[in-house]
Each structure stands twice: as structure tokens, then as C-alpha cells.
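Same chain, two partners: chain A is paired with chain B first, then with chain C.
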Partner chain A sequence: MFEARLTQGGLLKKLLDAVKDLVTDGNFDCSTTGFGLQAMDTSHVSLVSMMLRSDGFDHYRCDRNISMGMNLANMAKMLKCANDKDIVTMKAEDQGDTITFMFESENQERISDFELKLMDIDSEQLGIPDTEYTATVRMPSSEFQRICKDLASIGDTVLISVTKDGVKFSTSGDIGSANITIRQSTSADKPEDNTLIDMQEPVALTFALRYLNSFAKATPLSPTVTLSMSKELPVVVEYRISDIGHISFYLAPKIEDEEMDDNE
Partner chain B sequence: MGIKNLTKLLGDHAPGCCREQAFDNYFGRRIAVDASMHIYQFLVVVGRTGEQGLTSEAGDDTSHLQGMFYRTAKMLEAGIKPVYVFDGKPPAMKKQELAKRTERRDEATEALEEAKETGGEADVAKYSKRTVRVTQQHNEECRRLLRLMGVPVVEAPSEAEAQCAQMCKEGMVYGTASEDMDSLTFATPKLIRNLMKPVTQNVPINEYDYDKVLEGLKLTPDQFVDLCILCGCDYLGTIKGIGGMRALTLIQKHGSLEKVLANLDSGKYDVPDPFPYEEARRMFKEPEVLRGDALPALKWGAADEDGLVKFLVEDKNFSEERIRKVVEKINASRSKATQGRLESFFGPVTMKSSTAGSKRKEPPKPAKGKGAAVKKGEVGGVSKGGGKKK
Partner chain C sequence: MKRLRKAEAEDAPLKEAAAASALEDDLEEGAAAAAEPEEAPEVAGAGAGALEARADAAELAAVHGGAGTDPIEDSDEEGAAAPPQAIAAPRKAKGKAMAAPKPAKVKATGLAAGQKKAAAAKGKGRAAAGSPAPAAVKDELLIEGVAGGQASEDEGSPDAGDAAEGEEAGVSAAKAKPLKKAILTYPGDKAPAVKVEGVGTGAVAAAALHEDFNLDALATWAPGKPVPFAFLAATFEEISSESKRHAITRLLTNAIRAILATTPGDLLPAIYLCVNQVAPSHAGTELGIGDAILVKALAEATGRARDKVQHEYSESGDLGVVAFNARATQRTMFPLPPLMVASVFSTFREIARTEGTKSQEKKIKLITKLLVASKGIEPGYIMRALQGKLRIGLAEQTVLAALAQAVLLERGSKSESSNRDGSLAGRLQAAEQAVKLAYSQCPSYDLLLPALLAHPIMEVNEHVAFQPGVPVKPMLAKATTGITEVLDKFAGTDFTVEYKYDGERAQVHVLEDGRVAIYSRNSEDNTKKYPDIAASVPRLLQPGVRSVVLDCEAVAFDREEGKILPFQVLSTRARKDVKVADIKVQVCLFAFDCLYLDGRVLLQRPLTERRSALYSAVSEQPGELLFATAKTSADVEELGLFLNESVAAGTEGLIVKTLDSTYEPSRRSAHWLKLKKDYLEGVGDTFDVAVIGAWLGKGKRTGGYGSFLLAVYEPGEEELQTISKIGTGFSEEQLVQLSEQLKALVIPAPKPYYRYGETLVPDVWFDAKVVWEVKAADLSISPVHRAAAGLVDPTKGISIRFPRLVRVRDDKAAEDATSAEQVAEMYRKQVSTRTYKEVAEDY
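And now, the complex of A and B:
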């Protein structure tokens, strides 16, 4: 038996919006730790890993670890029917073949049940090693979203370079080029409006903007975003969701090709 | 061609072995392409109206060049690194099959003449397709084209599919692009079908995983080879009355071809005589291929624009503007950095299955649809055309 009740029901809706364009279906893992998902896009360029800890729910019960296969677009269709302020409860039997989403309105006057058929799927997983990243940048998530959107209208890829003064996003395309630099700042009234840079050594990596823009759909989940980078490693774009968990995206960088022979 | 009914058999009994993939997902991958098979397909399909394929002003066939040039360009633009493998000398065991093909071609030539006289247009198109033959010149021209495009070419000592499989096993390439299911019998770890189909047809790419084929059919590699021989391959005749399904049951029950044959009701089934299955087995398991150091290093060079224009435009009457445009795109894509994949940083992908909802297994896909549907369509077409259905 799995049962989880979440007062801030809109959260699930936002989570689904953030991942449904990246992956089509995935196995949601329910354990005593919490409710999580790891999934990759079909080209294996990006990976999403999310976790909602059990202590963040108002009520959480999981008798046995289960892994529920769901089509994310279909799950999103159902969650879309919840109001942002609804209380959402997820329920599933250990051996069942459905999951139920129950939405209760704030004043308890409207109660709806949506039952989604589970799928038996084989999802592709990666073991992500623990890494000490040489550069991390914490910045306002809306700022990151805007940068990705603006740059995508100029070019396909972005070079992210972190130095101790700031973080620079550069792109170029047929029509020209663009650079946006965000400096380290600590003076804003609200702490989440600051940009903090923690860096052992400068790092510069190139990424496809298409994916970063897709990650930025998680912006409503958190006022800040953290980018963690090391030389020749995938970037981690993490959104912490207050009191309950996080959603992290991993994106493989662009690499130089050694097999192209230029001497011919 | 290939192994009879294997596609359907896999669709029914090992549905997990085949995944649909998007063309663009192959960026950065090296892929061994069975050249001879695709040249044939291009000659049959590309630009064909009625009896005519594409030709230059001088009357030479150009369908193969058109197909090869644009499909290869498409791959290069997507960041795919193709290596073309050409057939060498056909193995002695295939002679019978090849003789049959020549015979069929001769029959088709006759039927074509007849159709031309009676004037069934659909028939003319149909039979003319069957008279298509890949000549030495076609192959030579394709080699020249590929070299000009900067794409590596490998000459197989014998069967191209076997060579592709070997390269894939050695990790030189990610997979084998072929339409022939033989590639799986040669144990290529990954077989990619429909990669070379024109974009306009919009057919999804199917990627077969060899290990999952075995897992799904519950067979060992040796048993799988036996199954393919029993289903009917290019090297041997078939046993009448044994189709894919029965072959699978028999191999699963008896464990090997020897035992299947020993237990076969000789009154009911007619085993062709001779039936040198041991030799066929050896052909699949120890084919004549280049291995290890004997294989050339693979390099992808820049496309030679002037060389291509000279060959395709001056000799073969292609449009200069188009050729130059494509070459420009190919060479532009070379300068771009390639997108990395997460597994090259985080180690291999593992599979995880759902635990809930597992009772509701997906029903086996209805026989892959394609083969059956196309055949039905053809039959319909013939009778409608008022043709020579004997």
C-alpha cells in the first residue's frame, strides 16, 4: 500500500510540467524515503532526477518499495484537473495496476478521484557518481530562465564560463552573437535574488540551449537554481523545492570530435 | 533475402528486443552500413516512375547515386558517422540462392515484356523493379561517391552483413544498418532497420538488440543460429511445413538442430537432400571477415566539393546548385562540436522494470503490421489493375 497526501497539490502539477517534455514515460519509485523518479530522454543527453521526501508530505505511507510505470503526458493530463490549492493524495495498491489521484478543494466541497492505468515499462537508469564540482553558481531561477530563452533566439548552443567575478553565458548564430554576464552579488534585499559563486577553478562548458530551456520549465518550483559544473562533466541544474525535496537535471556537454580528420 | 519470418517471430515472442528510435538520436554514433543491400534498394525505389529509374543524359543509372548522396548527407548532417561495407565474393553456399535470384529476375524480365504489350502500367512498374540488378559499375560509382564525401569504405572479404556484425562486436561501430535480419544471425549486437529510408516515407527506425532477442526467445546464441537455419536462410533450402513459429517451438523443445531433425516425423516433413546445415551453421558462426588489426582505421574527412561537382554534375547531370548546397551543409556540420551522451560520463545504462502494474502485460504487438499489410496491398493492386494473376 502506498499513500501520500500533499497539501500543496499544485506542486505535483508543476513538477510534471517540468519533466513531461523531456521524457515520455518513467518509473516512479515509492519507498519509505520518499517519492522519486529518474528518467532520461531517448537520446541519453539529459537526465532528470527528482525526489519528494516522505517527511515533506502531510501523510505518507509506503509498506513496500514499489516502482510504478507511468506515461508522463497522461499523468500530466490528470494532474491538470487539480486546482493549485487542492490537496492531492496519491494512492496505489502494492499489486495493483492503477494509481489514484484524489483532489480535495480547500473547503472540502469538491472531491475528485482520477485513476491512471499503470504501465509495465523498462526504464533506462544511470548510476550517478557523487562528485565535488569545481564551480557552483546559485542564481535567481527567473534570471536563468530569461537568459536561456533570450540566447536561444540567437544560437543553438551556449558556452557557460564561470570565473570568480561572475558567470558568462555566450552564444553565436547566423545573425550574430550574444554575451550575458551575471556578477556575484550579495546586496539584494531578498537573499534569493543574489547570485553566489563558489569556485575552485574556472570552468567553461558548452551545452545545447534546447535542453536548458526545457529544464527552465521547473522555474515555478523554486526561486533559485544552482548550476554545478566541473571540467568535462555534465552540468547539474538543480531546483530545491522548499521543505520537501528537489528536481535536478543533468546535461551532457558538447565535446570536440577527434575522429574528424581535417588534413584531407 | 534474410531469415524467413524472423521479424514477425520477434514481434510476437520477443517484443522487448526492438525499440523505435528517432533518426536524430544517432548523432555521434558510428554505424556500419551494408552498402550492397542499400544500393539495390536505391535502384529499385529512388525516383522510379513506371519502368524508369533516374538516369543521366547519357542514359546511365543515377538512382543509386541520388539515394546514396542524399541519405549519406542526411546522416553526416545529423552527426552520424557512417562506414559503408561492400560485399566481397559470395560464399559458395549462397550460389544456389543467387541462382534462384537470377532465375526470378529472368522470369520478371519475361513478365515485363508481356506486361508492356498488354499495357498494365502497375505490372510494368512491378516487374521492372524485379529486373533490377546491381552491377560492378554501380558499386564502383558508389565507392567513388563515398570517398569524395569523405566517408570510409570497408571491403568485406565475403558477406557485408557478417563484416558489419564483426565490426560491431569489436566495438568499432555502434550498430549495423541493414534491412536483412541475417545480421542478427551473424550476432551483430545491434541491428538498425529503416535508417536509410527516405524522410518522406516517415518510417520509424527499428533498433534490434541481440541480447534481448535471445532473452525474449529464451535461446542460446547457438540455438538462435539453428532457429534461423530452420526458418530458412540464404544458404539452405527450407523444410516444407515448418514456419517461424514451429521452428521456434522445435528448437526450444529439443535444444539443437540435430535433435530436431532426429525427432522429425519423416513421413510428415520433407527435409531437403542434401541439407548441409552444419556448413550453414559454420557460415554464420565463423564467417570470412576482417578482424582486429586487419580492419582499416576509420576516418571521416571533409567532402571534396569540386570533386563531387565534377563527378555528379559534369558526368551525371545532377543540379550543381543542389550539390554545392548539400556539400556546404555537410562541411558546416563538421565544425560543430558533437553532443555528448550521459553514459560516456556516468557509465553504462541499466534497465529497471516497473513492479506495480506488471500483471497488465502489453499484448504482443500485432505482427509488426508492415509485412502483411504491404502484401495485401500488392495483391489488391494487381487484381485491380486487371493484370496477369495466374
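And now, the complex of A and C:
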């Protein structure tokens, strides 16, 4: 038996909005620790890792670990039917082939049940190695979203370079090129408006903007975003969701022309 | 180009090697031609078959071989449509080469092209030419790299042809070293020069090379382990940069040997991948996935926007190249397990079989999965294979040859597979013929391969035979220019003459269990297209007949009038899932051959015997099944009369067959000749015409001219009057050459004495200085062309139909062109001599 009740029903909606364009199907894993999802996009270029800790729910019960395969677009269709302020409860039998979403309105006057058919998805266990990143940037999530959106109108890829002074996003395309630099700042009124850079050594990596823009759909979940990078490794774009967990996106870098010549 | 020349100049050894190898290649090619005199016609047949030579133009193309200009015949083996192209090539000259890799000019470009800096490749190339054999494999790729890249860069310039040649020399230079030893030592000390009957020295030399086969160098996988797809893709890539048939065969033979020696179970999928099929053609399971699906899958797999992929595709024209380039720039999260030959093939088969609702999404998912796991050049060949166009210049006949050689060398006894007395070439050729024969009679690798692996290769024909339900490619007839030619060719043999019906070839199989299947010329299952035939044939079987295979022509037929209708009527018939009740166009089968009757395979029996089998197997029923009208005569007059009769009866003309000939599947055989109405007396004449304008070429003719406006001369008025537009019958090479010559003659506006139709204005006008001799099928009154206007018809001119270039008349000026009066005369002669004219107008 799995049962989890979340007062902030809108949170689930937002989560689904952030991943449903990236991943078509995924296995949601429920354990005593929490409710999570790890999945790769079809091109195996990016990976989503999401975790809602059990202590973040109002009520959480998970008798045994279960894995529920869901089509994310269909799941999003159902969650769309909930109001942001609804209380959402997810329920599933251990051996069942459905999951139930129950939405209760704030004043308890409206109660709805949606039952989603589960599916068998064979997914590889994705071992994400714990890596010490050589550069970490924490910045306002809305700023990151804006940069990605603006640059995508110029080019396909973005070169993200981190130095101790700031982080630079550059792109170029048919019509020209663009550079946006965000400097380290600690003076803003609200701490989440600051940009903090923690760097052992400078790093510069190129990524497909298409994915970053997809990641940025998680912006409503958190006021800040953290980018963690190391040479030649996937970047981690992490949104911390207060009091309950996080959603992290991993994106493999593009191969630079220079490297390619060396490799082949 | 420049760099390549420089490299050669600096590097004497390279040059020498190139020269030496060029010599060898000549030898090889000459010998090949000598060894297999039958090869060329067969090839032409295959090519024409591929084009489904329905169009009269195509028929003509095959006929006028004398013009020597037809792409079908010029092309090496694979047919004109798909010149070989390596995947990796265009990456170098970023954008530039990508923009227009012109298949016709740069025949083959190597793997490494564009991945290496020219300087590095040059240095390595030098090393390759001077160093001993083992080092060569990698290095030869580098040399190709330089040349390939250069050729691409020079695209569009007149030098491009030279570059391609240079490249070939470079390739040969690198390859010459390992080969050289075998060839040079061969006559003296290594093996005695045994002259095998019918085997050329090239084949003998090639056979000697098989001693150099080194399994360990090829097989990167352990025996019994699945064969990696990368191995096959690398073989494809090598084949694509090779133009000599012997060399291509050897590359593939070695690859097949490696598979046989390690994991023979993977041979079937590997062979299917080589011939780019997923099932025998009669099974109707085909790749040839639509571009839209492939672009979507590629966008998905590489994480790029669909319109970008589409854009790159329209720029380079090769999804394989787009896929190769795209994949190479994006890492994945985790390394994926490498693709295997067997799994790629089974996924292909699954993709081809996916149908019904959501089939598109399912296909995209499967393709994406393949692409994501693919590395290096693999995605390129996956894309091309899915499109159904491998484009590496690998003909099915070559695959069969390589298969036969590999099986003999790997599975044959020691004495069979060794070349100690120099007789290996003869045995290889015999094996080839055995396998080709087996496949032509039973075109199914599912049946052929197990037999090849289980039995000695020379016994393959005892285990693989024609069977009802597995259609063979039909036997085809060769074109002739007239009755006299037929009589010349068949002098001293007994022959018979049949009407050549103008419909669709239909091979009707009646199986023991009562099932009926109808197969097209390309072995496609047409049973659903002709449910009426399928229903009527069992009724027409003679008593006691249980199974039979008939070769027929399905012809549109007016049952009330009892007459044959033209092909155009047949082509209006629905193609799929026809319901008998809805049929508007009735079809009559005209049966002319019988391949199988009640357990007896008749392919090897003479025509007389097959014909009597045919007459004993089914009975005629007007409007449903008739025997082809036939006549046996050797008299010119009588044949001429019969030809006229055949034309009057609404057929295309006659087929002349020798009575003792066997049925040769898939061959355009010299035992069957066709005599078409187009070659009736009076139309075979040639015209000398001035070239006065041209239309710009499209597709692969981009950059040159695609078709030309032709005119005859009216001496009285001193005018050039248009007579036709010509757009076929040139080899691509010739077209380029002609275009170059004519470009110098472009004038801004037509000369005042050009007479042309307002609706037929060419893109460019020429000063009329070039005269071509063309052959045409027909003359007709034309509302557009102006030739002889006023002489036959008060206002309209005369045009010639299906003109084909015979040769350029350097010795003639525009004033020497055929005169308008001559044209009018020819037209009058045609009208009076031809009875079919009225018949034709009835249509």
C-alpha cells in the first residue's frame, strides 16, 4: 500500500510540467524515503532526477518499495484537473495496475478521483556518480530562464564559462552572436536574488539550448537554481523545492570541434 | 586539388605506386570484362528492371545502346539512381562540401575525409606508400581523406573530375603495397600460371589475394559472440570508397569470411543488411521509411530542432551525412552498449512490419533507439538503410558473388580453397555461378543461406530450387532495331514470335493447397490488386492440375468489344485491396510461359516443352485468360506483316524467342528479342538538329543543363524551327561535358530567325553552332514545335518523340541540319506505312 497526501497540490502539477516534455514515460519509485523519479530523455542526452522526501508530505505511507510506470503526458492530463490549492492524495496497491489521484478542494466541497493505468517500462538503473564539481553557480532561477530563452533565439548551443568573477553565457548563430555575463553579487535585499559562485578552477562547457530551456520549465518550483559543472562532465541544473525535495536535470555537453580532432 | 598534386610531386614513391596500381587496375578490369562477357547485359537488365521500365523512354534507353549514353548502362552495377557515397566525407569542408556533394562527379569519398587536417594526412600518406603492408589499412584511409576532401571542395569546378581521379590514384597507391607482392610474384615462384577456361587474369590475381586473408585483423569480436554492427558499417564505408568491382567483392568476401569463421548465425542478418532488405521481396516487407519519420527520429535522437535537421537534409541531400554529423557533436549521459548486426536487423524488420494505429510513433521510437546507441559512421548507414538507399555501389549480384567466394574459401575443403596450383579463380567463379543460379531460381536468403551452410557449395542447386510461392524475377527480352537484326541474331536457330502485350507482368502461382498468388515484375505480391484473376485462374485449370506457375501479362481488356485496351487504362486500376465488385477495368491474362507444373520445375526445359505444359495446364477463356498469339516463321515479309498485325491488335509489337531456350529468371536474355512498333521502318532514321536552347538542370543535374531545345533548318526562309526537347539519353558525365561546351554559346536573347512555340521557351538560348544527331521513335503533328510548319499541317509543326542523342556532329553546322522538307517527307512516309496510327488514335 502506498499513500501520500500533499496539501500543496499545485506542486505536483508544476513538477509534471517541468518533465513531461523531456521524458515520455518513467518509473516512479516509492519507498520509505520518499517519492521519486529518474528517467532519461529518448536521446539519452539528459537525465531527470526528482525526489520528494516522505517528511515533506502531510501523510506518507509506503509499506514496501514499489515502482510505478507512468506515461507522463497522461499523468499531467489528470493533474491538470486539480486546482492549485487542492489537496492531492496519491494511492496505489502494492500489486495494483493503477494509481489514484484524489483532489480535495480547500473547503472539502469538491472531491474527485482520477485513476491512471500504470504501464510496464523497462528502464535501466541509472547510476549517477557522486561527483565533486569544480564550479557551482547559484543564481535566481528566473534569470537563468531568461538567459536561456534569449540565447535560444540567436543560436542552438550555449557556452557556459565560469570564472571567479562571474558566469558567462555565449552563443552564436546565423544572425550573429550574443554574450551575457552575470557577476557574483551578495548585496541584494533578498538572498535568493544573489548570484553566488563557488569555483576551484575555471570551467567552460557547451550545451544544447533546447534542453536547458526545457529544464527552465521548473522555474516556478524554486526561486533559485544551481548549476554544477566539471570539465567534460554533464552539468547539473538543480532546483531545490523548499521543505520537500529537489528536481535535478543532468545534461551531457556537446563535443567541441577541437576535442573531436584529437579523439579521432 | 592543389594540395593533392603538390603531395604527389613531392613524393615520388607515392606517384610510382599510383602508376603501378593504375596499371594493375586496368589489367584487372580488362580481365574482368573478358572473363564475364555476359555480365554487362545482365546488369543493364537489372538496372532497367529497377526503374520499372514502363516508360517508353526507358525502353528506348535500353535499346539504343549504340548511343552509349544511357546512365543505366554506363553505371557500374547498381543502376543510375544511386552513386556510391561514403558517409563521413563531407564533414571536412564544412558547409561547402555539404552544400552539394554531387554524386555523379565525385564517385567515392573516404571515411577520413574531413576529419583530419590535410597536412597530417599528407604526411601519413607518404608513410603509407613507402611502408610495408600491415601499416596500410589505417593509412590508406587517410590518403582517401585528403583526396576526398579535395574533391569535395572542388565541387562544381571543371577540375572536380580530375580531383576524383587523383583521389582514386591515391587510394590505389595506398592499397597497391599489400597487393603488389601477390601479383608480382604470382607468375613465377608462387603459383604456376594456370589458365582457367573462361577466367580472366584479373580474377586469377584476385583469387591469389585471398591467401592474405587475416581473420584476426578483421574480427574484433570473439568466436560465437554477436557480430558488431560497426564491423559491417566499416565494411560499407570501405566499399563506398572503392570503384573496382573485384576490390568491392573482395572487401565483402573478407567480411563474410570473418562472420563465417566466428558467428555464422549472424550471416543471414548481415546479408540482408548488405542487400538492404528485411525479407524476400515477395514478402512485401520493405524499409523505405519516409523522410518525415526519419527526420523526426533524428531530431529526437540528437536533441536538435526538427526544422534544423530538415534544413541540413535539404542542403546536403543525404540523411546519412546529416545523422553522422549530428551525432558526432553530442555526448550521451551514459555510454550505451554497441549495436550488433543481429539486433539492428531485427529492429529493422520490426520497423518495417509496424503498421496500424500509432505506427508512426512506434517507428520513431525504434529508430531513435537505434540512433542513440549508434556511434561513428553507424547512424549514417542506419539512416540510409532505413531510407532504402544504401548508396555504396553494392549490387545484389556482387553480394551473391562475395557470399559464394566466402563460403567456398571458408567452408570448402583444403584442396578447394587453396590456390596452390593457381586454379582457385576457376573454382571461385564456378561457386559464384552456382550461388547466383540458385538465388535466381529461389530468390530467398532465408532458404539459400541455410542450404549454403549445410551443404557443399557446388551442390547448392540440389538443395535450393524453384518452388511455387517464391516468385522468380521474370525473364526479359532484349531490344532490337528491326526485323533484319532479329533475323541476323537468330540465323540458324528455330524461333517463334509472340505478341508483346502492353500491360503488367504477372507471375501467377497456384499452390498445392489451392492458394493463388500473383506477383509483379519486381516480385511484389499483387494478389490483392487482381482478386478477379486470383478467382478465375483455379477455374481454368485443366482437370488434374494441382499446382502451376504461369508467366503472363495482365492487360486491360474490353470484354464487350473483345479488344485489348492500352496500358494507360490499366494504370487507372486501384492498387490495393481491390474488391471484385468494384472493378471497373477488366483484365485479361495473356499467358506465354509455364515455369512449374505439378511438382516439375520447368525453368531448365526448352520453350517448346514449357509451351506445351502451358497449353496442357490451363484452358482459354476469352476475357479472362488467353494464350499469347504466336507464330513461327523466318520470313521477313511474314514477320513484317505479323508486326503490323500485332500493332493493329493493340499490342506493343513482338517478342521473338528461340524455341530451345531455357527460362532465365531476372535475365535480359539474348534468347528473347523484342521488336517494337517504334522501330518500324521509317522512324529509325536519325535527325541532325541544331541545339538552340536549354533548361537548367534540377536535382543531380543542378549546375548544368537538364534538357535542350532542338531545331531543324528551313533553307528557304533561313530559319531554325524547333522540333523537340531532349532530356534523356545522356550519361551524367556527358551531360556535364555538353553543358560546358554549350555554356560558351549562351546568348541573351533568341536570334530573330529562331522559330519556337510561345509555350516552350528555354531558360537559356544558344548561338546555334552545335549539331547533334538524334534518333527518334515517332513523328507527330505538334501544336508547340514549328518544324515544317505549313508543309504538312497549315499551321502546326511537326515534332519528333523520344529523341535520343546518337552523337555530336562536329562536322556539321546549323545550316547542315536536317531540313524542314525532309522532316515533312518522313512524316508523310510514316503515315502511309503505318497502320497502327488509326488504332492509336482510337485510344
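The rule we apply is simple: the second predicted complex is superposed on the first by the 253 of 264 C-alpha atoms of A that agree within 3 Å, B and C clash if a C-alpha of one lies under 4 Å from a C-alpha of the other, contacts with A are read in each partner's own complex, and residues count from 1 in each chain.
Following the convention adopted for this analysis, a contact is a pair of C-beta atoms (placed from the backbone, for glycine too) under 8 Å apart; a residue touches a chain by one contact, two chains touch by 3 or more.
Everything quoted here is computed from the prediction, not taken from an experiment.
Chemist: Have a look at chain B and chain C on chain A after the superposition and call it: clash or fit.
Modeler: clash
Chemist: Thinking of the overlay built on chain A, is A:Ala252 touched by chain B (first), by chain C (second), by both, or by neither?
Modeler: Both chain B and chain C are touched by A:Ala252.
Chemist: Should A:Leu126 be classified as contacting the first partner (chain B), the second (chain C), both, or neither?
Modeler: In the superposition, A:Leu126 touches chain B and chain C alike.
Chemist: With both structures superposed, pick whichever of chain B and chain C touches the larger number of chain A residues.
Modeler: It is B that touches the greater number of chain A residues.
Chemist: After the superposition on A, what does A:His44 contact: first (chain B), second (chain C), both or neither?
Modeler: both
Chemist: Once chain A of both complexes is superposed, is A:Ala208 in touch with chain B (first), chain C (second), both, or neither?
Modeler: After superposition on chain A, A:Ala208 lies in contact with both partners, chain B and chain C.
Chemist: Taking the superposition as given, does A:Met68 touch the first partner, chain B, the second, chain C, both, or neither?
Modeler: Only chain B is touched by A:Met68; chain C is not.
Chemist: Between chain B (first) and chain C (second), which does A:Pro234 come into contact with in this model arrangement: first, second, both, or neither?
Modeler: Touch partners of A:Pro234: chain B and chain C.
Chemist: Clash with chain C: which of chain B's stretches 241-249, 313-321 or 349-357?
Modeler: Between chain B and chain C, the clashing stretch is 313-321.
Chemist: Shared contact residues on chain A for chain B and chain C?
Modeler: Residues common to the chain A contacts of chain C and of chain B are 40, 42-47, 126, 208, 234, 250, 252-255, 260-261, 264, listed in rising order.
Chemist: Which residues of chain B touch chain A once you look at their complex with the stated criterion?
Modeler: Where chain B meets chain A, its residues are 16, 21-22, 24-25, 27-28, 30, 81, 150, 298-302, 334, 336-347, 349-362.
Chemist: Give every residue of chain A touching chain B within the complex, in rising order.
Modeler: 27, 40, 42-47, 65-69, 92-99, 117-129, 157, 206, 208, 233-234, 250, 252-257, 259-262, 264
Chemist: Which stretch or stretches of chain A touch chain C in the complex?
Modeler: These residues of chain A touch chain C: 40-47, 126, 156, 208, 210-211, 234, 250, 252-255, 260-261, 264.
Chemist: With touch defined as at the start, can you tell me which chain C residues reach chain A in the complex?
Modeler: Answer in residue numbers: 115-117, 300-305, 308, 328-334, 336, 365, 368-369, 372.
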